[in-house]
Amino acid sequence: MHPSPRDLSAGTVLSPEVADALGGGRPVVALESTLLAHGLPRPDNRAAADDVEAAVRAGGAVPATIAVLDGVPHVGLTAAEVDRVCADPDLAKLGVRDLPVAAALGLSGATTVSSTALLAAAAGIGVFATGGLGGVHRQSVDTFDESADLTALSRTSLVVVCAGVKSILDVPATLERLESLSVTVIGYRTTTFPGFYVADSGSTLDWSVADAAEAARVFAARRELAPGAVVVANPLPLDEQLDPALHDRVIAGALTAADEAGVRGKDVTPFVLDHLHRASEGATLAVNVRLVLRNAELAGQIAAALAGVAR
Amino acid sequence: MHPSPRDLSAGTVLSPEVADALGGGRPVVALESTLLAHGLPRPDNRAAADDVEAAVRAGGAVPATIAVLDGVPHVGLTAAEVDRVCADPDLAKLGVRDLPVAAALGLSGATTVSSTALLAAAAGIGVFATGGLGGVHRQSVDTFDESADLTALSRTSLVVVCAGVKSILDVPATLERLESLSVTVIGYRTTTFPGFYVADSGSTLDWSVADAAEAARVFAARRELAPGAVVVANPLPLDEQLDPALHDRVIAGALTAADEAGVRGKDVTPFVLDHLHRASEGATLAVNVRLVLRNAELAGQIAAALAGVAR
Amino acid sequence: MHPSPRDLSAGTVLSPEVADALGGGRPVVALESTLLAHGLPRPDNRAAADDVEAAVRAGGAVPATIAVLDGVPHVGLTAAEVDRVCADPDLAKLGVRDLPVAAALGLSGATTVSSTALLAAAAGIGVFATGGLGGVHRQSVDTFDESADLTALSRTSLVVVCAGVKSILDVPATLERLESLSVTVIGYRTTTFPGFYVADSGSTLDWSVADAAEAARVFAARRELAPGAVVVANPLPLDEQLDPALHDRVIAGALTAADEAGVRGKDVTPFVLDHLHRASEGATLAVNVRLVLRNAELAGQIAAALAGVAR
């Protein structure tokens, strides 16, 4: 059901370490590059890139950061390639539908949740760690703005470990869409759906798993039954979350500012993240890095457990 | 294009009779278990289970009631297994996305339209009988509540015989979504789309078929062309429907009651069904059983006709 | 990844010229028949049919007009078959979900964007020229009316050359849906999304290609990566577009007239096109033919370029 590395389209490059791990059936975790290129400010993003990869290793897996360089998808980056992703201010943001344009025109770009998931699954990687999923935007009843992440996850077989969906989205509507699209969503040791910077989004889940092994077993069953992702929602502990009162205040301020500035579409997320960073005096950024590190480590554990599940 | 029984994921169990029929190319009709576990009150549901299976046989096919027991999908249940599905008050309701969770955690549950369709098609069963499809909920413009049945049917190759969509839904919106998703919808001897308890939902269809053989030929053409279901809408005869005036009154009452009680999501359908049952003094329940029996028999006839269509 | 002509379902007939071209790996462009049967008035549609096929040849490819005759999908029509499609006032309009009904009941009909795309891709044709795509209807928040073209394009691997979406639709909402569904959209020598009769819809695109060869390379990359179409948006030159002031006036008038006449669903497009034709004294019709000819020629060029791209 899953392509082996040999099935990769000619254009994709695997790093030697990732190719070796996949060839040997050892655990690998995919990481997106949009967080590095567009989610965290330069030059702090470079250290975060290393920290996230180290967290995957601490969990027991090989990290495979994914990006497109000069039109070629790379699954697993060398240190020099991570330098480039973190330093280039002009890197495009590439979803699934943008990948073929980048390939044809030789462009470089960071991959989003949708494109990272696609490239990871095509490479035979079963687990992916990120911060928050895209989803249904507030006011989407007027704008129809819904992230391509949702349909991509409904078609792609892999585990996505996240801390919920991006804070600026309509969380209940996004959870409904995930249900309509038959994406499996499970809480990690909770049925509270996390709210990214905060532990509780206000929405609940039907299912939770007690450990990484259970999450791996859910995915092993899913990939035999039907295409589509298993989202593992991993909330921050209460003592590591952003203060909920501060959270509500800065989110509201950021959305108002984006609206007043007429920012739309792909530009909303970076605008809002930047505003939150400044309004919270850096607190959102620190929390964002923290939750990604936690997700990366848990993803490593799930990948390690999955490597022990017989196909 | 269709998996043979040998392609089933290791975990699925076929009953001997179903395995034998599928192996011999004889007609089989899938039946869902949510109707038994959550749609009809105990203990009357047990007799209904037998009656529905008998109706499939009267139509000329072998019934395959589907449920998940201790994490294992069962296609075709023994009498003792039907007992269990009908008696257990704690059975979960499992859509496609819940199946892998049940498998991993060893849970038991009743299958919905989406999961019954998936498991049936995976087992090589081409026809499925149910009462009404899930769909777009009223107020979905606010809640985004749309049943996973719709996208599941857009991806699954089988015939679904029903009496329309569940009464509490937004029927015109559901028909539009079925069109957007390229699900084929045909009326059985009518272009009036049925309204579940009543013969006429107020919406019309573009196509009708004159008999079971035509329905089978539509499906035979569909499965060669593209994935996705053929919905056969089978209205109750006028003299068997619920009185339309009573229908409109109790539906409105049930929706108001659910709203006032703050019932949401998965809990709305059982709440409303229970309210309708009481408000109509049992009439909705009797009509519900009647329409399922009619659908089961027609599904048996279509399956029998399909067995005669060369692949 | 693509079916060869030998994989066609038994029922589809290829014209000798199309079969020969596909067998020899020579460029072919699919054309829809709804434009002929329902978009242009008889008898002028017959000459337009020839002109569009000639434009494909001028671009360097073999035209394959697609229609269903007596239940059988035809890919490539003889002159007599084009006569029939252009002359028959009772021809049905067949989307993907209607094709199996036509096959089972032996009906004839014109194919829409969704069904033309499906049949073309199944025949191994990589490029399709049309006028405008279907999409999200205005007031769809109330009606849920969204064309099946959108999800069909998200699942079908081919290039669709168009002049935007049908004028009566909600263009920004349609572009959002195309993004949510991961359909690649590129402008031909522009990042202005065209407005069908007019060069500028008011919406912009992220990507443009400089020539047919670049468009072919984008598609070659897409079909290796993931199912789904590449939409090439090809605006009319400013001096060939409908006068924008006239455009806005007649569109508003046509929508009001359709609303007042209670026209709905599938009937809206032909009603509005007819109204526009009369209100503009034939100008919309002339522009419609012009843009289709331009799209057909560009599609021919892209198909020719694609034939030179190694698989």
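Letters A, B and C mark the chains in the order given here, with residues in each chain numbered from 1 onward.
Definition applied: contacts are C-beta pairs under 8 Å (C-beta built on N, C-alpha and C of every residue); 3 or more make two chains touch, one makes a residue touch a chain.
By chain, UniProt protein names: A, B, C = Pseudouridine-5'-phosphate glycosidase.
Keep in mind the model is a prediction, meaning the values are calculated, not measured.
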item	value
Copy-to-copy rotation for chain A and chain B - C-alpha atoms, rounded to a multiple of 5°	120
Chain copies touching (chain A, chain C) - same or different residues, decided at half shared	different
Centre-of-Cα separation between chain C and chain A, whole angstrom	36
Two or more partner chains touched - positions in chain A	141
In the complex, chain C residues that touch chain A	136, 141, 154, 170, 172-173, 176-177, 179-186, 206-207, 209, 214, 217-222, 224-226, 228, 230
Residue numbers on chain A that touch chain C, as the complex places them	9-11, 95-101, 103-105, 114, 118, 122, 141-148, 150-152, 266
